[in-house]
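Below, chain A partners chain B and then partners chain C, in two separate complexes.
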Partner chain A sequence: MAADIASAQKRAPWILLSPSLTTIGLLLVIPMMFIVVYSFWLRTATGADQVGFYLDNWQEVLSDVFYRDILFQTLKIALYTTIICAFVGYIPAYFVANTKMRSKTLLLLMLMLPFWISYIIRTMSWINILGTSGALNGLLLWAGIIDSPLNMLYNQTTVVLGLVHYLLPFMILNVYVSLEGIDKNLTEAAESLGCNGFQAFREVTLPLSFPGLAAGSLLCFVLAAGTYITPLILGGPRDAMFANLVYEAIITQLNWPLGSALSLVLLAFLGGLVVIYTRYLGVDQIAKSFR
Partner chain B sequence: MTNGWSWIRIATILVYLFLFAPVAVVILLAFNANQFGSFPIEGFSLRWFNSLLHNDAIVRAFKTSLLLGALTSAISTTIGTMAAVAMVRYDFPGKKAISSLLIAPILIPEVVLAVALLLFLQFLELPKSFGLLLMGHVVFTLPFVLLVVQARLVSIRRDVEEAAMSLGATPIQTFFEITLPLMLPAVMAGMLFSFTISFDDITGTLFWKPGGVETVPTQIFAMLRNSISPEINALGAVMVIFTVALPLIATAIARHMSAQRMKAKTQN
Partner chain C sequence: MDDTKRYERLLTRFKNGEISRRTFLTVLGAAGATAGIMGGPMGMLVNSAKAATPEQVRFDGWGGVVSEAFEKYAFAPYTQKTGIKVVSGTFGGADEYLARVKSSQPGEFNLAHLSGVFDYARYHNMELSSELNEDNIPNLKTVIPNLITPLRKISNGKLSAVPYDYGTTGIAYNRKHISDDEAKAKGAKLMVDDAYKGKIGGWAEWKTRIWYGALQSDQNPNDIQDIEAVWDMIRKHRDLALKYWTSGAELMSLLAEEEIYVTEGWSGRIRALQDQGHDIGYYDPKGGLGWQECIFVLKGSPMAACEELLNFMLEPDVAIAVAEGQSYPPALDPKKVELGKVIPTLPAFDPSGTLDGLSFFDPAYWNKNEADWSKKFSRVQRGY
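This part shows the complex of A and B:
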């Protein structure tokens, strides 16, 4: 009887885990291994796939200046987005963590709201603001500052703007979580030892909030660098990002081997970042913001 | 110091404005009577909502999204909750590795995930279908359900369950009579979360959707690319109501009900 219970105890977690492990195994692990293999196949002129070990796709992806330029542009856009999010997001996170106002719960709830509002709605909403018949042009025309509507949309700046708008809540929430975990006595101790308010912040609060800042930055960078919708909606024809190349190769050109190689390049860059991050900081910090 | 704090407060208000003003403008324009659906505001009107209702493509997209969201959330909440129970309640070899594996879909760029799944199923000669869309959404929402349910599960005390078992309840009875009711808020949170993610998803959906099938986000995307139609703002407003107002109402009702139950208990 006791042995029965013990072995049931041993089996129970595996029974509970089996559906999700099967799902992830069949629909994620095997497909991921599959595209590695696929990237060495060849798409022939007839549109059939030539099975084999060809390095043509990899050669094309790794040597073509076109792909390299877009990769750099993608990383640059993601970097700008992350830096802006870090600076702009730190302030409200600090405020919400330290405010003694009763509206703190409301402010927190409002930080969660953007996660529930569709990404595409939030992205396209900027057309209403910056478009030729948008709010900003309307205001400037009405105030007599300009005579004809300005073309503010469809460039790299609006792509970064859209990404910042989409990703800022991720940053704020992560920074907030780590700020909230800091013992308030520490800053008070620093101040009683002669630090002024800013010094106490720089020497105590900022270093202690670094894990949250790092987690937020990782999320912002990876999500920004992996997007292809924002450049399609808010960018011009020359603002394509790397994921747009993947979409073009797979959906438009139906060149799946090439698309596989391209997505593996993207994965190598972004996955590499995630691996470095988890090596040093652990994956727990990201999970924390779900509590 | 107080001066610095008031700057921080002003900056915070500005950031909140930045986050919400554009969405507020979408909702404002959805009710605008102007025939192009853009500025200036010419008066209150429901004409765009009315034309949404008569747009077959949009109604169909809406039905697809609702069905997809409901099925995704049912499947991934069920299997995600099971995994969360295993993670929180049991110790077993390889726990850390399995945990990382199960949240891998968050760490892999969604585009790569989409390509991998699409190409694998195409290789198996399974055509793009609603089923593929569903599988993709389940994979993509599963880690979020796992994290949310796991986080809330940690705070449920074990001694209630142990008490039930020591009073003679079987493990299965204990689960359905004790654990599940206590877990319900966590499970509901997971369900809402996965529904919202599925309902809003576009990145993977554009890869997986069969020709002619649209979800609300891909429909909006197609409308944006073809022509700027004033109905988009109304559709956006409906989306916001669906993914924001509904969860808020659901939370309020759940709070109200548990408050009532507490009241009833204390009266007894």
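This part shows the complex of A and C:
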């Protein structure tokens, strides 16, 4: 009898977990395994896949300087984007968290508004702002600051700008959640002990909001590094990111095996980053911003 | 002959319109009752039969003004006439569409507006082609023979598609900044002219880039002797270019907004820009790229319904209306069909109906090099 109860207790967590495990298994693990298997196949001259166990794709991806350079360029763009998002995003997050306005909910709703518009449309809007006959050039010409339109589009800067535009709400929400959780008495205590406002922020608020900042940075970095739409719309001929190579391998070259290997390399890099983050800060902070 | 084979033949006869749906289902039902089974292959065949006289067929094309023309002048009247709905999808390129088809089940995609003989050969080599019953498409007789012959050569005398229109990828330039005389004098080399650095565009498609790279390095695009010289020209163009465009809509936007002054462009899209009042010139340089587009029927499609749609689309009234809507000349032979007043004014139109003045991709040559060149272009584009 006691053995039966012990056995049932042992099984209970697995039974409770089974819906989640099944979902993750069917929607994540099994498709991922397909990609892993694909990466060991070969593309034939006709475009058909040659089934087997070949290391050619992996050898090419890991030894070719072209893929390494584009990967570093991708990580660099993602890093710039994350840093800008952190600096630019902290200010509105701080304002929303500390405002005495009654319409705080409205402010939060406004943060969500961009998500209601397609990411592609939001990205394309920069063409109307920065284009030769766009709003900014029009304004500068009207003000007499320039004589002829400036070429502001289709370079790495506009790619970063497009990514910041896309990812800023993620950063603001994460930082906001973190700031909202800080006990206001702590800053008041710091000020009563002689800190001025900036010192209280630097010594108390900023360190305590760091988990939110880190969670937002992780999200921004991972999402930025995985994008291909923004460089396609706002980038010049050279401004590719790693995901563009995956797209080209799979769509243009119809080389699914190579595309699989490339996507796994990107996954490994970004997954490694998540592992490091989890090791030091834990993933629960990210989950908080979605609650 | 086993039962499955017998049922498959029955289905083929039905799909070809040789027997009616009622007869087919009656024979199948009787066979099922006799065999005492209604599941397994029998069930699959019944489902397939439903698809053979479908409520809808799927058509995928290039979107934009081209799709609008198809919708308005071909699909809507066809649906009105037959009751079969045409579900219209779009793609940005034949490569992208091929990737979608490759990951789908036969029958999921039916008809596609594919470019040139190159794509026809590629799809055929991947065993995605169907076999048209030409008796069901009497209007095929009015099509320019020189557009049909290359397709037949690829698919052993049979057809999997009907040619539908043709056009050119020539040089489009903004007349405010580049004169007609300059465009004619420089030809393809206008796009590697340092004077227009930062105001040059180009299609982000490897075939077109290599074709123009060959012209810029004074080579025959269908017989390139010095491929390194071509890559050098592509590199030069890349360094001078502001943007590689990826769709007709983007091409039109870049030219209309004066982001770029010169690019190669699709004749129909440039005509559409001209019709909108933009002062854009268009010139087919020597050896400029001609292409034909066909309506390709994919393997596993409901053939009778697709053939009926193809025949309908080749009706002169429909084909001319679509051609005027999309600004590409129809594949109809001007010697056999009166094409009206607008068609002869479209860019790339050939009144002789022979298309002898145009250069086309040699499918064997380009398919042979496709894997290497498309991969290499991806690198060159990125600065290598």
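By definition in this document, the second predicted complex is superposed on the first by the 265 of 291 C-alpha atoms of A that agree within 3 Å, B and C clash if a C-alpha of one lies under 4 Å from a C-alpha of the other, contacts with A are read in each partner's own complex, and residues count from 1 in each chain.
We adopt the following convention: a contact is a pair of C-beta atoms (placed from the backbone, for glycine too) under 8 Å apart; a residue touches a chain by one contact, two chains touch by 3 or more.
On a predicted model such as this, the values are computed, not experimentally measured, just so you know.
Visitor: Under the superposition described at the top, does placing chain B and chain C together on chain A give a clash or a fit?
Guide: clash
Visitor: Is A:Ile250 touching anything from chain B or chain C once the two structures are fitted on A? First, second, both or neither.
Guide: Both partners.
Visitor: For A:Pro237, select first, second, both or neither according to whether it touches chain B, chain C, the two together, or no partner.
Guide: A:Pro237 sits against chain C, while chain B stays out of touch.
Visitor: Which partner does A:Ser20 contact after superposing on A: first (chain B), second (chain C), both, neither?
Guide: In the superposition, A:Ser20 contacts chain B only.
Visitor: Between chain B (first) and chain C (second), which, if any, makes contact with A:Ile127: first, second, both or neither?
Guide: Both partners.
Visitor: May I ask you to decide whether A:Tyr94 touches chain B, chain C, both, or neither, giving the answer as first, second, both or neither?
Guide: first
Visitor: On chain A, which partner's contacts cover more residues, chain B's or chain C's?
Guide: Ranking chain B and chain C by residues of chain A touched puts B first.
Visitor: Looking at the overlay, does A:Leu270 come into contact with chain B only (first), chain C only (second), both, or neither?
Guide: A:Leu270 sits against chain B, while chain C stays out of touch.
Visitor: Once the shared chain is lined up, is A:Met110 touching chain B (first), chain C (second), both, or neither of them?
Guide: In the superposition, A:Met110 contacts chain B only.
Visitor: Using the touch definition from the top, say if A:Leu62 reaches chain B (first), chain C (second), both or neither.
Guide: In the superposition, A:Leu62 contacts neither chain B nor chain C.
Visitor: Quick one: from 94-102, 130-138 or 220-228, give me the piece of chain B that collides with chain C in the overlay.
Guide: Only 220-228 shows clashing C-alpha atoms.
Visitor: Taking the stated contact definition, name every residue in chain A that is touched by chain B in one complex and by chain C in the other, in rising order.
Guide: 127, 131, 133, 232, 250-251
Visitor: Given the complex with chain B, which residues does chain A contribute to the contact?
Guide: Within the complex, chain A contacts chain B at residues 8-10, 12-14, 16-17, 19-21, 23-24, 27-32, 34-35, 38, 88-89, 91-92, 94-96, 107, 110, 113-122, 124-129, 131, 133-135, 138, 165, 168-169, 172, 197-198, 222, 225-229, 232-233, 243, 246-247, 250-251, 256, 259-260, 263-264, 266-267, 270-271, 274, 283, 286-287, 290-291.
Visitor: Using the touch definition from the top, list the residues of chain B that touch chain A in their complex.
Guide: 1, 4, 8-9, 11-12, 15-16, 18-23, 25-26, 29, 36, 38-40, 78-80, 82-83, 85-86, 89-90, 92, 98, 100-113, 115-123, 135-136, 138-139, 142, 144, 146-148, 151, 171, 196, 199-200, 202-203, 206-207, 216-217, 220-221, 224-225, 228, 232-233, 236, 239-240, 243-244, 247
Visitor: Note which residues of chain C are touching chain A in the complex, please.
Guide: Touch residues, chain C against chain A: 93, 95-96, 98-99, 102, 122, 125-126, 198, 202, 204, 206, 238, 241-244, 246, 253, 257-259, 368, 370-371, 374-375, 378-379, 381-384.
Visitor: Quick one: in the complex, what on chain A touches chain C?
Guide: 43, 45-48, 66, 70, 127, 131-133, 151, 153-154, 232, 236-238, 240, 245, 248-255
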